[in-house]
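We call the chains A, B, C, D and E, going by the order they appear; numbering starts again at 1 in every chain.
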Amino acid sequence: MTYHLALTLAQTESHWIDFNVGLLRDEFWSNTIDGLAYGSIYALVAIGYTLVYGVLRLINFAHSEVFVVGAFGAYFTFVGLGYQPGPTSDSGIVPLIVNLLLAGIVAMVASGVIALILERVAYRPLRKRNAPRLVFLITAIGASFAIQQALLIWRGGNPEPAIRLLRPQAVFEFGTTRITNIQIIVFVASLLLLVVADAFVGRTRLGRGIRAVAQDPDTAALMGVNKERVIMLTFVLGGALAGAAALFYVMQIPQGVLYNGGFLLGIKAFTAAVLGGIGNLRGALLGGLLLGVVENYGQSLFGGEWRDVVAFVLLIVILMVRPTGILGESLGKARV
Amino acid sequence: MSDTRPEPEVDTPAVPPDPAAPPAEGLSAEVLQMSEEERAAHFADVAEAVAPDREIAVGVGETLLELRDVTLRFGGLTALDSVSFELRRGEILGLIGPNGAGKTTCFNVMTGVYRPTSGQVRLEDRPLGRLKRHRITRYGIARTFQNIRLFDEMTALENVVVGADARHRTSVVGALCRLPRHWREEREGVERAMALLEFVGIADRAADRAKNLPYGYQRRLEIARALATEPKILCLDEPAAGFNPAEKDDLMSLIRRIRDDGYTVLLIEHDMRVVMGVTDRIVVLEFGKKIADGTPAEVRDNPAVVAAYLGVPDDGAA
Amino acid sequence: MALLEIAGMSVHYGRIEALRDVSLTVEEGEIVTLIGANGAGKTTTMRAVSGLIPLSRGSISFNGEDITRLRADLRVRRGICQSPEGRGVFPGMTVRENLDMGCYARKDRKGIDADFERVFELFPRLKERISQQGGTLSGGEQQMVAIGRALMARPRLLLLDEPSMGLAPQFIQQIFAIITEINQQGTTVLLVEQNAQQALSRAHRGYVLETGSVTRSSAANELLADPAVKEAYLGIA
Amino acid sequence: MSAGVGTQRDPGTARQPFGQRVRDWWNSRSRAEQWMITIPVVVLVYLLPMLNVFPLSTEPWTDYELALFNAARLGLIALGLNVVLGQAGLLDLGYVGFFAIGAYVAAIMTSRDSFLHNPHYSWLVVVPVAMAVTMISGVLIGTPTLRLRGDYLAIVTLGFGEMVRLLADNLDPLRGNRGFQDVGRPPGTHADGSPLFTQTDGKPWYWLTVTFIIVILLLIGNLERSRVGRAWVAIREDEDVAELMGIPTFRFKIWAFVMGAAIGGLSGVLYAGQVGFVNNQRFDVVTSILFVAAVVLGGSGNKVGVLLGALVISYLPDRFQLAPQYRFLAFGLALIVLMIFRPQGLLGARQRLLARGRDAYKRLVGAPEPVSADSALTEQGKGGDR
Amino acid sequence: TDKTGENKQSGGGQANAPAIKADPAPPLPTDAALPAGDGKGKCGKVSIAYIGTIAGASAALGLNILNGVKLAVKEHNAANPGCQVTLKQFDSEGSPDKAPGVVTQAINDKSILGVVGLAFSGESKAVGKAFNDAGLVTVTPSATNPNLAKNGWKTFFRGLGNDAVQAPAVAAFIGDQLKAKKVCVVRDDSEYGIGLADLVTQSLGSKASCQQKVKTGQKEFSAVVGAISSQKPDAVFYSGYYPEAAPLVQQLRDDGFEGSIVAPDGVRDDEFVKNAGGSAEGVYLSCPCLPSAGFTKFTKDYKALANREPSTYSPEGYDATTILLKGLDKGLKTRPAMLNYVKNYQGQGLTKQFKWNADGELTQTPVWMYEVKDGKIVQLKDMSKATS
């Protein structure tokens, strides 16, 4: 049998994976730019994972649905504002900005609210009962299923037709590489949000409260930190950032919003969080950008179907070298 | 315990008159039902089981463990600075020093938690080098922890059997098929663990989960678990912390008994009454450097030590 | 009216009754010491006062207000602060951030700066290590952080659970001196100590806790003189 | 009573939880009594397919016998995952990967769509090969990843599970969505010469799987009550300390992984055989998570519990058929509600860690081995043989 | 004779595609067998089954067939008081891994004597052996993968032309009518998509200059779209089903692709037009099925029943059901009898003449091209003449 197998492998091997180094070289810069724009979406979603993980040690599987709800929020704002699916209608720059901001606010509120409801309905009762950590995970999964299916029942299994407020247009162009308006907006806005979030958690009193609850909830209470409020705040903050990410996603991705559209993205975002060092906001940023870029390289090198494999291989490789992510956990561990 | 206490009475934890005799409390049900002679025989068995193949009188005074110029840096911080000392077979060595002097770090280096930046730790004249932690334990160094770390969900007995497993060789396949060695080792492990629980005086709560034990029992359980690995050296990190003076007396006699059973003990402790009461020799660290090394009396009178550590003579220090 | 008044308090851990019908009071301006063997329920008492575990029976009132069901963080705002057993240092925060957490409920910037200075004066080691992560400190250093942090809160009632645990002898002296000092400055202190000799000699009154119940309560010096207490808790057989 | 430390316990204040009482009751039976209960229960389990009657039956929606087989198969999976997750505490979200590998090995070795061009390996050869291949892949995956702690392991294993699926998607010889038809089945024929194992008859499959479960229960039980099981629990509780107590943690983690993998592979072979078709669709993250849900729902760490969990997760949806999207909605909500009401799982975890546990505790402590939330002594103390 | 002379600009999205004149829809054959039969059917408690997607992937394609089947059963039962046949529906969700489960149920239901289905090639392949082992006859109204008939399954009958017929027709249309020189063939990962793509590529010969792959369930195609754009083909042939085709076409057009787009029967449904937004306009669709516009009574009854127009394979489903019902009317009570009956069946249906060869294939089968025009799928050309 071994012989049989080896023979067949030898015959088929060359077709298993095709390398295309040339394509990677040609598309290097456009891959990088595209990856950064896409990666900043990962980063924004990753922050939600990281924050909740940091405070509750919970992989909030339902965060991907929080994201999707935001995407629907943005989508329906567009619809409400009278935009039609299909080719882009050109509106002036001012209404465009106003509309985008509006959609962003709606998305952030929608995501924030759903995250908060999740916390109240699903996780809080468990905390009251001192449930083991794994149980939170299962509840999160249950919530994720439930929201997904509710969206499916509501909107059906086909993606909403994509609405695009603005068509990608090259703003800078050098050689074959172009940087589009959308990429710039997404990247800059995400970076801004990330910096604000990082400053909030790192510098402000409430932020310190979040970290204290993350590290030792009982002692945090002894210091006067309202644990429940901090947890709510964490969910709302993470949710709102996911909502912002959802808007950027809707702007950037040429496909409509779909009930399970957050699933893979959620897993990638969580991967990004782990990559950077979970519980670490800057790690989430770094991980997100890295993942976005490397995925794109992988796609050029091996072809689109290997994109996700590349993401996971990257994760494994990085964790082998740095077992707590690139920047390490910011939540220190007790010494032996 | 009765529900109503007619009189406030103070339970007096018994301090055994003979330090070598086992404690009067914490006995298992089986022992409680025994007659006097049976008990005597049983305690002989316990002593046997606690120190199975130890030739107590052999090689006392020989160097067992040696730190040679051990230096350990954390970034810019030198936690251990060329520390050298030796531990001799059969002694109780005290390791003292101000907070942050590097005592716990010393343990961590000896047990492989940290690798020294430079220098060597040698056990029986062999360098520990880059041995894995579990190998070091099997070579014969066992420890307790400054912040108690037990296997919370296991019973006290199981905690100790885990320690005893360090000496067992049943393979996974052997366990899967229940080969004779498995049975032998299981029996031996349980018996030894039970003997150890009796030895440290908590056999009455062998069946309790570790996390539900009172603090003092937990500390003693840690000691039993460490002893179960049949170490050559037992390292105790502040075992008396959180004990009241009476409980400390119990502990001191326990440490002496451990030594008398043929173990070598390395003890970190801030309570001078304990340190001066049980140790044969003391090493003093300050800022990662060794500043003194000698008998308790020498150390107590050493002006450097007094200045760095003892301060005003402690009223507890006898 | 006593500052802290505990009446008929019982506490359960699951099915285990850790405290049974404990009553104790702490008057404004006092140092009260709680002594007892391992597992007697001292820590449980402290946690109950701080609101970390619910009572199954009884009540606690603070400054005349019933706080039995008040959330822990709100108790801090009323002026109750604790340095917990096991220190509770935030492992991922620096020494400075840890101390900062002590004044989470405080707003007076000037007073806070002064208190920082005071803590650093007390524990110069902490000043040296100001940006070291709490989790990498030695046991004693962590204890210093915990005490310093509780001081930073400037509470009305300070709860100290075994403050001397893990500290080197010279610091133990110092800790007790500080307790007396802040008490004289007006802070009321409820103290749990194994170092009963020291603790009682600094305290006004004391309680003895045994297997979850108060078995003795009287002036500190009386307890010190009590032969039974001496034998059981002071190690003077 | 002995002096010193201890607490009173108030037996009146809290009723024991149900699972606890069952376990206490069970543990206080003698061995003979336990067997006398076990044997009829096992017989009943084997007879289940015959009890195709109203409250049990899943018909008309789902073939009852196949529903039983599927529940048993998930039980087998849960049992394997329980070794990894419940025993050793390794959060493996990619367990489906091993299941997939088992199924694919079976497909490659028996399907005529295979790149081996009409291979005809007997099913009895397929099983050990599949288990060996999954075990090897367990080692290959475990070696780099098991050095990671806690949730890092979770995401990496999740990634691994996805990678197995994506490989099945992308590698041409694995035929992606098209899949392999006509996967081999165990040998054996009815009296009339027709094959015993077919796609449509659930009974033989069910019996075969139950037999596997029983054998594995015994073997895993042996492991549990040995130094291996203790090492796993110790690692789960505190890995650093476990290592400092002389446990080669890495090696034992790999063992847990490999055992789990082998069982996963076995269930993959069973699945592929019964369905007769393997493609890339059944091996996604959601499936993997369902496996974890079965374990946690049943009571992570409790063998009987996880079997129960698997039964709930597999049988209930078959029993109460709903439109697919409502089914998942109901399933998600049910998970949330169940977890809120039974955070410890249907049967909480408390395995026996000592081979001679019963005797040892009886003799030495005067009480059966403790399984309660607190001391067994107190329960026994009331009886007052002290 | 082809009509290359007529080169008008079409109303579709393509700038340079030649306009093609539409052929008229064929009328109803006069001798077509209808389910009502002679009204004298006699049978016991028997049933037939529809197995295929109902609510799963590509649900619209399944519903088209199911409604045809329902209509046939309804007409039959109304006309034959002595033979009331039950229709059992099984949702395979269109996926090969779900199908074995429901097929098992169908096989275990002894009252089922014949099956219309399965709808798709992939699922048909996964379960063919089970039907064969159970001796339960299946007539598929839609599965087109040629290999299905080559497995030696004695119970497999195909009620339409397979992809070996469809592919050359598509290739001829792309080459002769669209005059495309460079064609990108995009395939999904299904049995059907892969098989058809290979056959089309083969028929196109050197014109098929690029190959791309997508996956079932994929919604985001920027990589594929990018690759196609960089090749600048004259036409794209997508080989798969509409759920992926719709976003792909949309994203292709969004990216500025202006060539022709051709897709097969798997895409031929209004759902495609709806989901692709405006981008579906001008897409050419091939199908081994007839336009039902000529079957006026059928169309009317179908609309009354299903509340929508008949679509792809509705008449084929109706025909297949009719054949099974006629057997039941004869009083056939066992699966072997039904199998034997179908094997030897001969007769005219709505769509074609039915007479199966040993493999279960028909001999005379039509292929038509359609086009999306003003948001509607309209018939274009009967391609059976062009290739034969």
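The rule we apply is simple: a residue touches a chain if its C-beta (ideal position, glycine included) is under 8 Å from a C-beta of that chain, and two chains touch if they have at least 3 such contacts.
None of the values given here were measured: they were computed from a predicted structure.
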Stepping chain to touching chain, what's the minimum from subunit A to subunit E?
1
Considering A-C alongside A-D, which chain pair is linked by more C-beta pairs in contact?
A-D
Between subunit B and subunit C, what's the gap in Å when you average each chain's C-alpha atoms?
29
Taking each chain's centre as the mean of its CA atoms, how far is subunit B from subunit E in angstrom?
79
Using Cα averages as centroids, what's the distance between subunit C and subunit D in whole Å?
48
Out of subunit C, which residues touch more than one other chain, so two or more?
16, 37-39, 136, 211
Touching two or more other chains, which residues of subunit E qualify?
215
Subunit A, residues touching no fewer than two other chains:
305, 334-336
Subunit A-touching residues of subunit C, taken from the complex the two chains share:
50-52, 71-74, 76-77, 81-82, 84, 88-93, 97, 100-102, 104-105, 133-136, 149, 153
Under the stated contact criterion, what part of subunit E meets subunit D in this complex?
55-56, 93, 95-101, 103-105, 107-108, 122, 125-130, 133-134, 188-191, 194, 215-216
Footprint of subunit A on subunit E - complex, ascending:
59, 213, 215, 219-225, 243, 246-247, 250-251, 254-255, 271, 275, 277-279
Under the stated contact criterion, what part of subunit A meets subunit E in this complex?
85-87, 157-159, 161-162, 164, 253-256, 258, 261, 299, 303-305, 307
Residue positions on subunit A within touch of subunit C in the complex are 205, 208-209, 211-212, 214-216, 218-227, 329-335
